[in-house]
Amino acid sequence: MTAHVIVRDFERVDPALAEGLAALGVSTVHEADQRRGALAPEIRPIQSGVCIAGPAVTVSCHPGDNLMIHAAVETCRPGDVVVVATTSPSTDGMLGELLATSLRAHGAIGVVLDAGVRDVAQLRAMGFPVWARAISPRGTVKASPGSVNVPVVCAGQVVYPGDAIVADDDGVVVVPRARAAAVLEAGRRREAAEAGKRERLAAGELGVDMYNLRPLLAELGVSYLDRPPT
Amino acid sequence: MTAHVIVRDFERVDPALAEGLAALGVSTVHEADQRRGALAPEIRPIQSGVCIAGPAVTVSCHPGDNLMIHAAVETCRPGDVVVVATTSPSTDGMLGELLATSLRAHGAIGVVLDAGVRDVAQLRAMGFPVWARAISPRGTVKASPGSVNVPVVCAGQVVYPGDAIVADDDGVVVVPRARAAAVLEAGRRREAAEAGKRERLAAGELGVDMYNLRPLLAELGVSYLDRPPT
Amino acid sequence: MTAHVIVRDFERVDPALAEGLAALGVSTVHEADQRRGALAPEIRPIQSGVCIAGPAVTVSCHPGDNLMIHAAVETCRPGDVVVVATTSPSTDGMLGELLATSLRAHGAIGVVLDAGVRDVAQLRAMGFPVWARAISPRGTVKASPGSVNVPVVCAGQVVYPGDAIVADDDGVVVVPRARAAAVLEAGRRREAAEAGKRERLAAGELGVDMYNLRPLLAELGVSYLDRPPT
Amino acid sequence: MTAHVIVRDFERVDPALAEGLAALGVSTVHEADQRRGALAPEIRPIQSGVCIAGPAVTVSCHPGDNLMIHAAVETCRPGDVVVVATTSPSTDGMLGELLATSLRAHGAIGVVLDAGVRDVAQLRAMGFPVWARAISPRGTVKASPGSVNVPVVCAGQVVYPGDAIVADDDGVVVVPRARAAAVLEAGRRREAAEAGKRERLAAGELGVDMYNLRPLLAELGVSYLDRPPT
Amino acid sequence: MTAHVIVRDFERVDPALAEGLAALGVSTVHEADQRRGALAPEIRPIQSGVCIAGPAVTVSCHPGDNLMIHAAVETCRPGDVVVVATTSPSTDGMLGELLATSLRAHGAIGVVLDAGVRDVAQLRAMGFPVWARAISPRGTVKASPGSVNVPVVCAGQVVYPGDAIVADDDGVVVVPRARAAAVLEAGRRREAAEAGKRERLAAGELGVDMYNLRPLLAELGVSYLDRPPT
Amino acid sequence: MTAHVIVRDFERVDPALAEGLAALGVSTVHEADQRRGALAPEIRPIQSGVCIAGPAVTVSCHPGDNLMIHAAVETCRPGDVVVVATTSPSTDGMLGELLATSLRAHGAIGVVLDAGVRDVAQLRAMGFPVWARAISPRGTVKASPGSVNVPVVCAGQVVYPGDAIVADDDGVVVVPRARAAAVLEAGRRREAAEAGKRERLAAGELGVDMYNLRPLLAELGVSYLDRPPT
């Protein structure tokens, strides 16, 4: 019954699948996975216009303590996305320019933090993308144990090491490794279908007709009035 | 005693008045209406530098359900601003690129959402302005009834269909249709007065003199010290 | 036992020290002061890429009332940073373009507000930097007493008039006047040390080695596994 | 265009209807009114086991200022429930023992506050029920104008003077005066129906059978598994 | 790739282990499991002085929709604790007296809800314990699919069906089924050790001596002063 | 420039003054000190009907770490109230039965925590009063330095060691040691004055008359209407 471990290696989602998911974007992936896996919207990007996807390296930290992110660096492989959770809520700045430099040197392409980030001006200048709960200068200690590459709960979603993380301006979604191929396929079908819908809607066709919602509205007892009731 | 209705048409604020209010901006309009009508500051724009104004099309949705926004599309007229409230707090992404495309096709010039928005990169690219409580990829269902063009409470303010909605970088304000002309006139007077004040303040005149606040400070018992008390 | 005072003058942190602190930035200053003085991360800039530092002019206001900011203007000297706290939480827009114009005319280089700001488009156009808890069009009254240049608690930190305020994209930090020289020196040492660390980390050296964290991890009982437990 | 008024008198919901609604309780009334009118759950009672109902006397206050509650006292009639909203969020203690004594002397049977209350030990001892957003010792000033007996938004619901307010351990609900009789009748029907349902459920009958939910589950694509998937 | 399932049966934690954990209480169990498994403190009991433990029946609901709790009833066995999560945050009253009656009839001994509860006066009178995020009269619909007895994230913790849930005045903790025996044993050792410590501390022995913290304080650079610095 | 110290002794507010303040209660003391010193209302008692007052022993902890509370025990004297702040927000359970037993053995009469408490059933049974931000089973480590008996910011107020802390059902207020005698005297005058006011208000006299508010209402432009405007 050991509480704290660092797992050096694990199965990762196929890089080609990750690439495909990044091309779809977070909201489409979330829909394609039957509306599962979206992290809480409090997790926001510090940059705009960036979409990344890659396998998760997971980190569980004590609040106010970034020791385990340091410990996670050597487990990163090119293309990984580091996902950091804390055992209690925290907004402290657990990641800054130096740690980002180290993560990038070991292949990480971005970080998702259910906590705070700092040195945001430098991180934007570096082009190293981060999604975080807060921007905070408050520094952290390196004093308490945690774990690396174990299942974590990050912003309301379970993330297993190796799961696909997709992050863009809409937020962050996690897709379990075993579902990634199916989700990618469903997402591409959805994207194709949306192109046609977009055109019809732009031409003025109504969603209530296109999606056949009028019978549902009637069944739900929604009635029409020509003018406001007096 | 029917709970759920869709009102097809209603009186709208005069487009010329809306145009005038947009030129004043949210904070001036709010002051001109005697500090009424400002929605809660949690409602933020997803873009910057945009100011719009127009009559409200109102939508009341069940949380996590955007059926009624679809139902509202056909009630939009060119220049309308769609205002969406939920019956319980929600940050789910109730509006995305497709629905925005549909709303735009029917004349809507923007949306105010007391909930979440998604596809923000696409919405910014489209130039379709949105003010929302959150950005979230979480999708919604189409399963529960609601109402369109009834009075709603959105972010702490009552909005009647046809009221003037003004939205810019400072947030969102609602002006009741019947007060719009008077508010516009008061706002223009205020704007004219502010130009002179701005010049005087920029030249170093003190607000405590210009607004004659020294007698008030004395009456309130505020005293002056040359140096900190020891 | 007088509650409300306006203190006209006080000792200010040396301008050269403030300039030095601004060059270091908020997160480095916070670390250099042994992780003290960071205001809560809810205080966010309305602009990006700006770093300022200067002595604090402090203001304590009743919620929803900006009378005392007006009273503070004549106590400002060139280079000052105005710090506004409220006696109860508030997000109302206590500062707008006119008041900023007045503050700038009296030398203030920026404002930190534990409350709301408005006219943000105009403030950005003016290049007048503000850090605030909220952006809100809601106006305030001028009716209740408060104090100027007394110690205040702003976003969780005590600020004395004349203390050094440093503010950038990471947030805001306060350095007590008496510690400013020592903090500046410590910050410069830290910055110099970080340059070398950055280079080593960029070259792939691990933080767990560079900071000698492996013995600590062992002592804390963190164990390594080559693969996930089954 | 006068902003601030005190309305001395208005139509009140029939006392017999209020009495009937109090006997049903908040949750039943809310359901009977087709799930409308429930104030946000942040409004909590300071006592337990009390249910009241009566016509609303409404008050709109500036945050941190209870002047208008004082002004409202003389408009109270026996059986009224005072409903207080603030124009911006506030948790300050706007009501204490003295003001409660005054309200009771003029017939008020309780208060609903979208703000703070204090002297709670004394209020509990007096048996004067209060529902509030916070308990706070922070006192308020009497300096800013507001209104009495105008429509207000309180905790997300519009309340008109004279509407029926029902409050108990579950929270607070408002019923528009014009709907009170119909809601009472619907609530009594519901209560009668619930008695039978309670008995059947207590005997082990399943809700999925009693409410005929199995076809819905099937239609929604929910499938059954005898054991967890492996 | 089916999203929504109801799992009829699963392995449950041994009732004797649950009984043992209930006797220890939440905080001791959490410590005994190496500080894992505590749900967020926003989940509060509606009663006091009650401690329960039992295997989890898990429910995942759409916000504002309690259909799946109804579906879960027939999967309950005597001694179970029902754990309800929503796919987006919600405070709506998803559970009331009738549903509690039904759950009790099928053996459930309590409910943990990451959402709202209502009919709290009746639930207290029934002696049916509930831990919830909110008390709210707002009713829910029965319209959207979800799942029963799948892994859920509830208030920040993963709960598998059959895991041990322990809940008392301190909150709620989940213990994975496979660790329950070891945690019980560790908890009993801890409880025994605490009895001795309590006696020593009550007699005036200092924790810094009993836990040997003085060397740690010295190592961390904490120094002693006889009087405040001037 | 030492960051972390434990101050063994300091001047305490006179016990007779503390006793007098306890008899007045928090809200009266806060008013008597010109509405200063009230901690944020998020700090709530875990018991009801208790009022305590005594000199503050102050503790500054790292979030999730209660080492410094242990270090503070030996600085307590009979009648002290322990005030705990964290350097970043935290709700972890930093205090439980054992630590309370130790504090009581050294004379502490209660604790104010800007963090979490646990073992609340046991603390209530012991009759040891606590005011805290949260109730949480989450345990803390003993790993990071902090300070004892230095000025701290606790829930928005500065507390110096030896200041008078008053805490009851309304919350917590701090009175600087140097003002305690004057505040006590002002509070007693206020209490005496309130007795007369209570009687007059109970007899039906209006506050707008007793406090002479009618001229203020007129000056503020508040007008009276006999009936609602149509």
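Order as written gives the chain letters A, B, C, D, E and F; numbering starts at 1 within each chain.
In this text, a residue touches a chain if its C-beta (ideal position, glycine included) is under 8 Å from a C-beta of that chain, and two chains touch if they have at least 3 such contacts.
Since we're looking at a predicted model, the values are computed, not measured.
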item: Graph separation of chain B and chain F (steps between touching chains); value: 2
item: Rigid-body rotation angle, chain D and chain B, from Cα fit (steps of 5°); value: 180
item: Same or different contact residues where chain C meets its copy chain A, judged by the half mark; value: different
item: Pair sharing more residue contacts (C-beta pairs) when A-E is set against D-E; value: D-E
item: Whole-Å gap between the CA centroids of chain A and chain D; value: 40
item: Between chain C and chain F, centroid-to-centroid distance (C-alpha), Å; value: 27
item: Rounded Å distance between chain B and chain C, as computed from the means of their C-alpha atoms; value: 30
item: Sequence positions of chain E contacting 2 or more other chains; value: 3, 35, 87, 89, 91, 138, 143-144
item: Inter-chain touch pairs (all); value: A-B, A-C, A-E, A-F, B-C, B-D, B-E, C-D, C-F, D-E, D-F, E-F
item: Interface residues, chain A side, partner chain B - complex; value: 25-27, 30-31, 35, 38, 41, 44, 48-49, 168-171, 173, 194, 197-198, 201-204, 206-208, 211, 213, 216-217, 220-229
item: Partner chain A, residues of chain E touching it in the complex; value: 1, 3, 34-36, 40, 87, 89, 151, 153, 156-158, 179, 182, 186
item: Footprint of chain B on chain C - complex, ascending; value: 2-10, 67, 70-71, 73-74, 91, 93, 96-99, 101-102, 104-106, 116, 118-121, 134-139, 142-147, 149-150, 161
item: Touching residues on chain A, where the partner in the complex is chain F; value: 62-65, 87-92, 138, 141, 143-144
